[in-house]
Every structure is written in C-alpha cells, then in structure tokens.
Amino acid sequence: MHRKRPHATGRETPSSPSAPQADPHDLGFGQVVARESRKRLLNRDGSFNIVRKGLGVLQSQSAYHTLLTISWPRFLALVTGFYVAVNLVFGVVYWALGPHTLSGPGLVVVGGQFWRAFFFSVQTFATIGYGQVSPVGFTANAIVATEALVGLLSLALVTGLLFARFSRPTAAILFSRNAVIAPYADRTAFEFRIVNRRTNQLIELHARVLMSRIKVEDGRARRDFTELTLERTSVVFFPLSWTIVHPIDDESPLHGLTAHDLATCDVEFLVLLTAVDETFAQQVHARTSYKADEIVWNARFADAFLRSADGQELIGLDVGKLHDIEPVQPVS
Amino acid sequence: MHRKRPHATGRETPSSPSAPQADPHDLGFGQVVARESRKRLLNRDGSFNIVRKGLGVLQSQSAYHTLLTISWPRFLALVTGFYVAVNLVFGVVYWALGPHTLSGPGLVVVGGQFWRAFFFSVQTFATIGYGQVSPVGFTANAIVATEALVGLLSLALVTGLLFARFSRPTAAILFSRNAVIAPYADRTAFEFRIVNRRTNQLIELHARVLMSRIKVEDGRARRDFTELTLERTSVVFFPLSWTIVHPIDDESPLHGLTAHDLATCDVEFLVLLTAVDETFAQQVHARTSYKADEIVWNARFADAFLRSADGQELIGLDVGKLHDIEPVQPVS
Amino acid sequence: MHRKRPHATGRETPSSPSAPQADPHDLGFGQVVARESRKRLLNRDGSFNIVRKGLGVLQSQSAYHTLLTISWPRFLALVTGFYVAVNLVFGVVYWALGPHTLSGPGLVVVGGQFWRAFFFSVQTFATIGYGQVSPVGFTANAIVATEALVGLLSLALVTGLLFARFSRPTAAILFSRNAVIAPYADRTAFEFRIVNRRTNQLIELHARVLMSRIKVEDGRARRDFTELTLERTSVVFFPLSWTIVHPIDDESPLHGLTAHDLATCDVEFLVLLTAVDETFAQQVHARTSYKADEIVWNARFADAFLRSADGQELIGLDVGKLHDIEPVQPVS
Amino acid sequence: MHRKRPHATGRETPSSPSAPQADPHDLGFGQVVARESRKRLLNRDGSFNIVRKGLGVLQSQSAYHTLLTISWPRFLALVTGFYVAVNLVFGVVYWALGPHTLSGPGLVVVGGQFWRAFFFSVQTFATIGYGQVSPVGFTANAIVATEALVGLLSLALVTGLLFARFSRPTAAILFSRNAVIAPYADRTAFEFRIVNRRTNQLIELHARVLMSRIKVEDGRARRDFTELTLERTSVVFFPLSWTIVHPIDDESPLHGLTAHDLATCDVEFLVLLTAVDETFAQQVHARTSYKADEIVWNARFADAFLRSADGQELIGLDVGKLHDIEPVQPVS
C-alpha cells in the first residue's frame, strides 16, 4: 500500500501539495494527485473522490457528520432504530431481573413477562410513567433512574441534531444534469444551468470553472488545471435560473477540441460556486464537476420560463425543466 | 406554456441571464426578464415577484421555509392544529381497537369511549401518563410506544423551529410607505426614510438604489437599470432614522422627468440594504421597491424626533412617525 | 413634542442624518443630533442614549431582546414567575369547575381544594402525571390537553431562549473605568485599557476612537466629530490586556487642551472595537465612551501582570487590576 | 506579586502591548511579554500559555466555556453527576420531611425510607411520575413543583449545551507531532504537515508562520518576531494533507542556524491557520507552535497516500501516518 518513492527529492516531498511556484489553479489537490490520480476529482454532489482512513469514528466525528448529512428518511429510521434498541436493552434487563422486579399485570401474550418489561421501559424512557406497571426494589429503581437519564439525554441529543440539520447552510443549488456545447453568437460556448432548489433566497453568487485535463509532457502524464473565462462570474440576485457560459474563443483551452478529444484527455470541468443564503445570512458553497460523457454537443438549454396565458408576460420559472435541452444546428 | 422562440440565437439562450458584456446593473434578472416582464420586480416586502413550480414540497424545503417565515399567530395555530390532529389520529386508533384496549373509566358524555381514547392519547403524546387510563395488551402498548416516539420527536422539532425562528437574522428595517421628491438645496431630491423596527442594534448599513425603467429602442421595449448616486451610501450607526437621498442633479436619470413620465416608463426604484445585526453578529439584507404611484411629489418627511419638554433637547425617535410626510412648496 | 421647524430647507430635512458632503466621522448620528443633542451619545455599556417610542412590544420584538439580554438571575426569576403564573391560572380553572372535576384526595390544609387543583396543574404542566389526582369528564380533560400543549411549548421556548443566550456573541470586553492622560515619551497621551472578561479567545481586535465636542460656529453650537490617531489600531491576539494609546502630538485635537477645556466643550470619546470571538467564530462589537469627568490627568495604568515568585518571569494577568491607575509627575 | 517598575516611562507603560511604531509581527503579546517572558507562548493545542486571575467564575463565564470545551466523556460524567446530586438533594428533603410525606410502599432495603424518597425524586425530576409513590400535603407538593421546574430547566440547559458543543466551529486540524528540516531542491526547508481530522470539508486555508527568538541587544534579552516566507500561503481545497514549507534560503532567519542555535535562542515557531468550515459555513482558526526540541533535522514526511492494489492509482489518504517521518541524507 505504501510504496517507497526512490526518486523523490525535497522539492517533491510526497505529501507536499505544491512545489515549484504556487500554481493558482492547483486548488490544493497537490502534485501527487496531478501525477498519479486518474480518477474523477469531484463527485457530482461536490464531495471529493478521496478515501480517508486511519482515524477512529469518534476522533473524526464522522458519526456526527453522518447524522447531519444523511437524508431525512434515513435519519428518522436511525432515530427509530435507536429508540427500539434502547428499549430492547432495558426491557431485557428488567425481564432478566425476574418477575418480581415490576409490579402490575403481565401481558397475556407469548412472552408476556418480556413484553411487560419492554413496554415498561418505553413508558420510562419516554417519561410517560402510567404507573399500571411500576418498579419494585432498589435494583429496579436504580435502573429506572439510569434509563430516565438516558431518555432525557437522548431527547436533548435529538433536539440538537434536528436543529443542526435545519440550520445547516447547505447550498441548495441544482446543477443541470448535462453541460452543453451550444451555439453562441458566431461561435460556440460551454454552458451549464443552475437553479435554487429551495424557496429561500440565495444572493451574491460567484462562479468559477476550472478545466482539468491530462497532458503528456516529457513522456510523463500530468494533470493540468486551467481556469475558464466566463461571460459573467457573478450575479447579485438569483430568482430564476442562471446559465453559466464560457465562450469558446481563440483563447479558450477548449478551442478546436472535439468530443473525442475531451474523452481522451480525461477532461473534468470543476465548478465552484459561492453564494449568501439569506435565511441564515451565511455564505454557502456548492461544487460539482462535468466529465466528457456528461457534455452534450450541439444542444442548448430549453426555455424554462413560465408565461401568462397569452404568452406575453413572463411570470416565473419551471424548475422541473432545468435539465431540458434541445438539439440545435451546429455552427458551420 | 412553453413556447418555442424561433429567433433565439445562441447569444440569447432563453435561460441565459446575461449576454453581451455583463451589465453591472443587471442584478441577475436576465435578458428575458428585461425583454418580457412588465410586472413589478420586487414586492414591497423585498421578495421577488416570481412564480416557481416544478419541485415537490419536500425537495424545495418550502415547508421548512414556511414554518420559519410565517407570523407567530399562524405558527402557533399550525402547531396547535398538528397537536390536535396527531391526537385525533391516535385517539381513533385506540378507539377502533375496541373497549378493552384501554383500562379505566370511560367519559360519561356522548361518544365517551372515543373521548377516553382521545384524552388517553393526549396523556401519552405529552408524556403525562396519569395512569387512570392505561393500555391493555400488546397492540395497545405497541401503539403507545409509537405515539411516545412521535411525541418526543415533535417536541424536538418544535424546539428546533422555535429557536430557528428566533435566531434567524431578519433585517427588521421599516421603509417609509412612500418615497418623496423633495426640495433639496437649490434643486430636488428623491428621498425615502428607514428605521430599525427592533430594539437590537443594526450597524454598518450600506444602501444601493437602482432605477428600473422601460426604454424603447429600435421599436422594442426593454427594461433598463441605472444605479442612482446617493448623498451617502453608508452609515456606521443607526440609532435613529436614516433618510436616503438621491439629489436630482444634471447627471441624474430622474433629471427633467415628471410624475407622468415615471408612470409611463413603468419606473421601479429597487432598494438594496445590507447591515450587521449586533445581536447575532450576522450580516442581514433588506430590500424593497417603490413604483411611480408610491412616490409623493413636493413633499418632505416630517420631523420624527422626540424632544425634551422645553423642546430644546433631542432625546429620541418616534418610530410611529416614520411614514409622516408634509407638503412643501415646489422649487420653482 | 413635535415642533414645526420653520427654517428647515430640503437640504436640512429634519430626519436626514447627513447633508452637505458625507462626513466620514458623522457615524450616522445625523445633523439634528449634531445640532440639538447635548446628552451623552453612548452609554458606558455601549448602548445608544436614545429613547424610541411608537412601536408595540411585539412589533419591536423588545420582549425577545429583553429575554436575551437581561442578567441570569433576572432571567431565572422571570421563568419561575411564568411557571407559577401559568399554574395559578390553570389551578384556578380546575378549582372553579368544582370539586368533582378532579378525582383523588384533596389537601388537608386551608384551601385544600384549590391547592389540589394547583398541584394537579403542576403535575400536568410539567408532564409528571402521578395519577393520584386525575381529571374527570370532558371539560377537565380538554383543559388538561390545553395545558399539556402549553407546557410542551413553554419547554421548547425556554430551551430555545437558553441556547440563544449562550450562543449570542457578546463582546465580553472590559474597559478601564477611567481613561488617563499619561506621560508618553516626551509628551502625553490619551490612554485607556481593555481586557477580555471571558476565558474564550478574542482575536483580530480593531479599535477606533472618535472625539465628539461642541464647537460654536457663527454663533450656533454644533457637535463635531474627529477621529483620533492611535499608536496602533489592531492586534492579532489578545491574551493579556491592551492599552489603547492616542499620542497627543501637534496634530492631535487634544493638543493644548486642559481638563477644564474638555468639560467646557462637552467632550465625549467614543470607542468602537471589533474582534472575532473564536468560540463561535463570529465578529463581535464593543463600544463605550469616556466623558471629561471620567478622564484622570497625570496618571498611568498600574502594572497588572502576574509574575513568578522570583519576580523574573511573566506568567499571566490579574484582571482585577484592570482599573488600577497610579499618579505620575506631569510632563513639564 | 505586583512590583513597582521604577524605570518605566510613559512610553513603556507596563500594560501597553505596543509602543514605538507598531511592529506587524508583535501579534499583541506586547512589550512586557517580549522583555520578561521566557515561557512557551502558545501551547501545542493553540491556547495561550497565560494565567488569568481576578475574575469570579460567573463573570468570566468560565463555567460555560468549560462545559463547551471539555471532552465528551467528562461532559457526560458531569451531567450524570449533576443528575445524581440534584436527586440526592431533593431525596434528602423528602426524606427529612418524615415518612408521611410520601404515600406508597417504602423499599425493603437498608435505608428503605430514604431510597423511596430518592427514587421518587428521580421520577419527579425526570417527569416520569409512575404514581406508585406520590406526594402528600402542601409541603411535599410544593417541593415537587420546585423540583419539576428544576428538571425542566435542566433539560433545557443540557439540550442547549449539547447543541452548542455540536455546532461550535472547532478547527479540527491535526498538526504533525514534529516539524522537520528537510532537503528541498538544492537547499533545506522547514516543514510541517497538517490534515483535517474530520470528515467535513475545510476550504480556503491560509497559513502564517512566525518565528519567535530571544535576541540580546545592548545587553538586554528581548523576544523578537519574524514572519517566515512560505512556499505557498493558501490552498482552496484540503481533501488530503498539506505540507507547509518554508524554504531556508539566504533571506530566511533560519539561514545558517543549527539545532543548537535554535535551542539557545529559545526559538518558537508560531503557526496560525484560518479556514472555512463548510458544514456550518464559518471561519475557524487553528494555532500551534513548535519549539526547538520538536524539530527533527534531516528528515522528511513519509508518504501517507493510499494507492490502489497495483500501486498505480492514488485513491486517498491514511490519516494515521500524519506524524510519520523518515530520515534523509543531509544536503552537503
């Protein structure tokens, strides 16, 4: 797994992300990534396509991070699972202590003593305490005291997690599934489209697009990063959609390239967006990337505006049409 | 709804908010808005006058956004409605399971069995658990376990929502109902007035005012944006009111225009404010707009200061007089 | 209270805080304050010495602001008072419904029926529900359902308030009670001292000091603002104390002034500090002001450092000595 | 403890952290620290090596700060201890009021009456309220009302603390245990390595390194600060590790120094990092320092990358190898 790299000089310390003179488009992926990685750098959801190991779960706080970022159905399933598990554990304890631990009637079902203990645990954990079943003796009462503390802490924890999930500023930007190479004035342009997934406002958006491709120099393949010039790099408001446009002029690194070239060079377009979320007045970041097979040539984005019945008046946006593209005649 | 637009060229992709060379006053409304929209752009409360569709409620998180932004009476009504609804559902379930599901006396009213079930649900959901009514058998206990979890999660949810509503940095800036065209030195000025609605401090206020109007060029009407020069664009503190003043000098786009002209050109003054809320140390944004019919000509804002009994000493501000204007002689 | 001001021109609209050409030291207090106010502008705690009226309590959110900013003893007293009040109200309701509303034994004290109802309310509001007293009939149960909702919402509210009080970034900067005019090299300097009241870290502190004084021009008194040049305006770290120093050189507006002059001109030194609170990574603001009678002439701040037993090694700071000053010989 | 310092002039007021002309590398430690302190300035965890006294616990909010910053096991131990303590106090009160304070069966163990009171307290504090034991009379009920309030407030408090602990933006940057003096191109460099301890993303990292050393001038030892030139001072992304490199060229203050020199001059390398935590969109700060004995000469950081089975493809990072260094031949 860990190979000695005999030719490494000080200037190329394996773990040094930079080296010669800081390249402004390097982004911190580092020389070793540039030299050795052929994988996609950014996943479509903006996360880094990188494996990390060597840290315990607690130390990396990945449990907390997971609880914040999983989907709502999975979060609720986890909370429910935890609730059942805790009550199973305490139910087993009360049941194992014997039939005289709890006063009150058992349930008239198979395993009635156990279910009595389990539901007594529920009534204790959730601090209901009907009292038709109640603890008898020191041990049972001590376990009740423990379970009550666990119950209160769990409530506090879930409350905190729920709020953290809500208040977390996630950049709710939807990127079009594909980027297009579309006609643009008398030439073509690389374009993709974004909308705000949420009803809250995003303002002061800034966009950067970097093109990563493999270049062969002196017989060694190397990943190279170039920033693309955008028609506009920022907008103040974002009520509708924004089509981000890189005109492919003579200066563009895309000039003269074909779809085949993009696939051969292992091109990846890295998209970096920042915006301010008005709901919590926080700066948010969104990232994605487009690979060669996610680019549609000779297409443009379809009109996604809503218009009044007579078609004369613009009244809004149909977010569902974000991904819609339509073929166009190539520029000859 | 979605019409093909035959003459669109690449340079005018329907969804492209920009195009020729990025206009710094375009604000991100886009070409299509400039060309087709005749509606007010900003509502008085600062929201965008835009319809959005095509996203489910969950995906757009509009439920969460709604719960954060509706008024307190409506929020409390929703919470109460949810509380009643959940207990009705569980009450019906306990009741449908038959009279032996719950032990304890029924209520001596019409529908006594149902109300016993409903109030048992309340005692369970709220984790009171008097125990005068208690669940019998496996099914009843399993439903109790479910309802207890729903109750705890609901409490966690409402706690999180309450805190999110409180901690959300809303720009509590009150704008004067009208803008005025008032005498100013030897000419006139476009003015409006703002105060801080809350007792917390706003500092470092910055203001921008853009004038949007319809211009006809080459027989095509087009919305045009111009930024207005302000007497001052920022203040460090905001303990009193701030009258934002655009002097109508020879350079002003308002120079020579009459009230009739403003209405004809469909003029809209877009007001953008930023400030720092000291209570939570967050930057907040406020927006509004004034249309032609919200501008009063030959008027000025009335004095809104509180003075000591002898009238000599300034002691504060009467926020209630924010909107007060008084007529003045027009500058001849 | 509201006097017509006959000579006001457009340029001096009463509520306009600015006017001629934006004075960078005006701070937003405005012309009318400059012309009419003789009061202290900033209180010692940094709040503005301004009265506001004309808004309801709910609209100004002053209730919420108050709950966030009052001291902990007062906050706990308010919460306790609310708890008692709610239970008194519900206790009276249960009691007024008659002795058959609640089952279970009354208390054997004067007003036993009332106290039974009161303590039943406590057991309901706090969701304890022992069940030795329980509600009978539809009305009693409906009130229980209402009280349970009030109880849950109150818990959610207090939880939110407690967290908001904790997480609020208050600039915990202690200012020395007095400023001093101290010897400094071969001249004197205006100095005051600050420390961080808390154990959390403040970093990247920036200071501004403005001197406000009354100037008489053309027979009209007017408040004038001048920014003082500081020896240093910022520090990266703030582990100890920071003495902020304005050297009184020939350029200083304090040059040649005596203690009597300061009092006559109604001088007020406005101090504005910003810093970053590391605990919550938020920018915080602190303000205070010094009036003429809070300035001690010919004094300097006493050493407040803690040293090792042999006196050779600096080991820390005695925050309790922040205000200590000691007389020095005036510079002749 | 507090010694008069006879030679202090106004220009060297003991508590003034600055003086001549603001030194940009002074960082706010101040002249007195520069002159008198020989201790480490920054601890390895980034806190200041400074003692503070003279403030009460409440005033300094150190209790709150402690509850936010202690480890999770200690936090849970404190919460559990508080829970037991409160129930012991209320248990003793119920018990001291005599056997008729509570109805219901005592526990059949040594001290049965006391334990009955203790567990009744648990059932009240946690708002369970089985009701098999219940309060009798006004006094017992009044104490129950008090305990219920304490219980609800405690739950609110713990919920707030849990969330504050979670949402606090702590810079989870792990610094390599040692810095190295490694070969770098045709010379050497001072290097250390960092990784992100958490799975959340840190972006926009900026690094500063200052070298503090004791210089003797005019027979007086004085601490001197010099900023080191870094190969790169910032990276946009931080998915892997970052080795921060100061090349020791002719301009470097380390040029020509030996390990012995570093120890003699009491050198301390102060490292200041800022980054943006994407999870909460907040700027975070991390600090550490390296002293002479934490620097390894003629070593470099070992490769910490994970590679695919064939060793050709870079797939990630082994955080556990952060501290690994390997000896290298010194540059002759």
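Here are a few things to note about the model shown:
First chain written, first letter: the chains are A, B, C and D, and each begins at residue 1.
The rule we apply is simple: a residue touches a chain if its C-beta (ideal position, glycine included) is under 8 Å from a C-beta of that chain, and two chains touch if they have at least 3 such contacts.
Keep in mind it's a predicted model, so treat the numbers as computed, not measured.
Of all chains, C has its CA centroid at the greatest distance from the CA centroid of chain A.
As for how the two copies chain B and chain C face one another, under half of their interface residue numbers coincide. Its C-alpha atoms fitted onto chain B, chain A is found rotated by 90°, rounded in steps of 5. More inter-chain C-beta contacts link the pair A-D than the other of B-D and A-D. Note on chain placement: the centre of chain A and the centre of chain D lie 28 Å apart, centres being C-alpha means. With centres taken as mean Cα positions, chain D sits 40 Å from chain B.
Counting partner chains per residue, chain D has residues 123, 127-131, 155, 159, 163, 167, 282 touching two or more of them.
Per the touch definition, chain D reaches chain B in the complex via residues 127-131, 159.
Interface of chain D with chain A (complex): residues 72, 76, 79-80, 83, 87, 107-109, 115, 119, 122-123, 125-132, 155, 158-159, 162-163, 166-167, 172, 182-185, 188-189, 191, 193, 197-201, 203, 205, 231-232, 235-243, 245, 276, 278-282, 300-307, 311-322, 328, 331. Across the complex, chain C is touched by residues 1-5, 8-11, 13-19, 22, 26-30, 32-33, 36-39, 47-48, 50-55, 58-62, 64-66, 68, 103, 123-124, 127-131, 134-135, 137-138, 141-142, 144-145, 148-149, 151-153, 155-157, 159-161, 163-164, 167-169, 272, 277, 282-285 of chain D.
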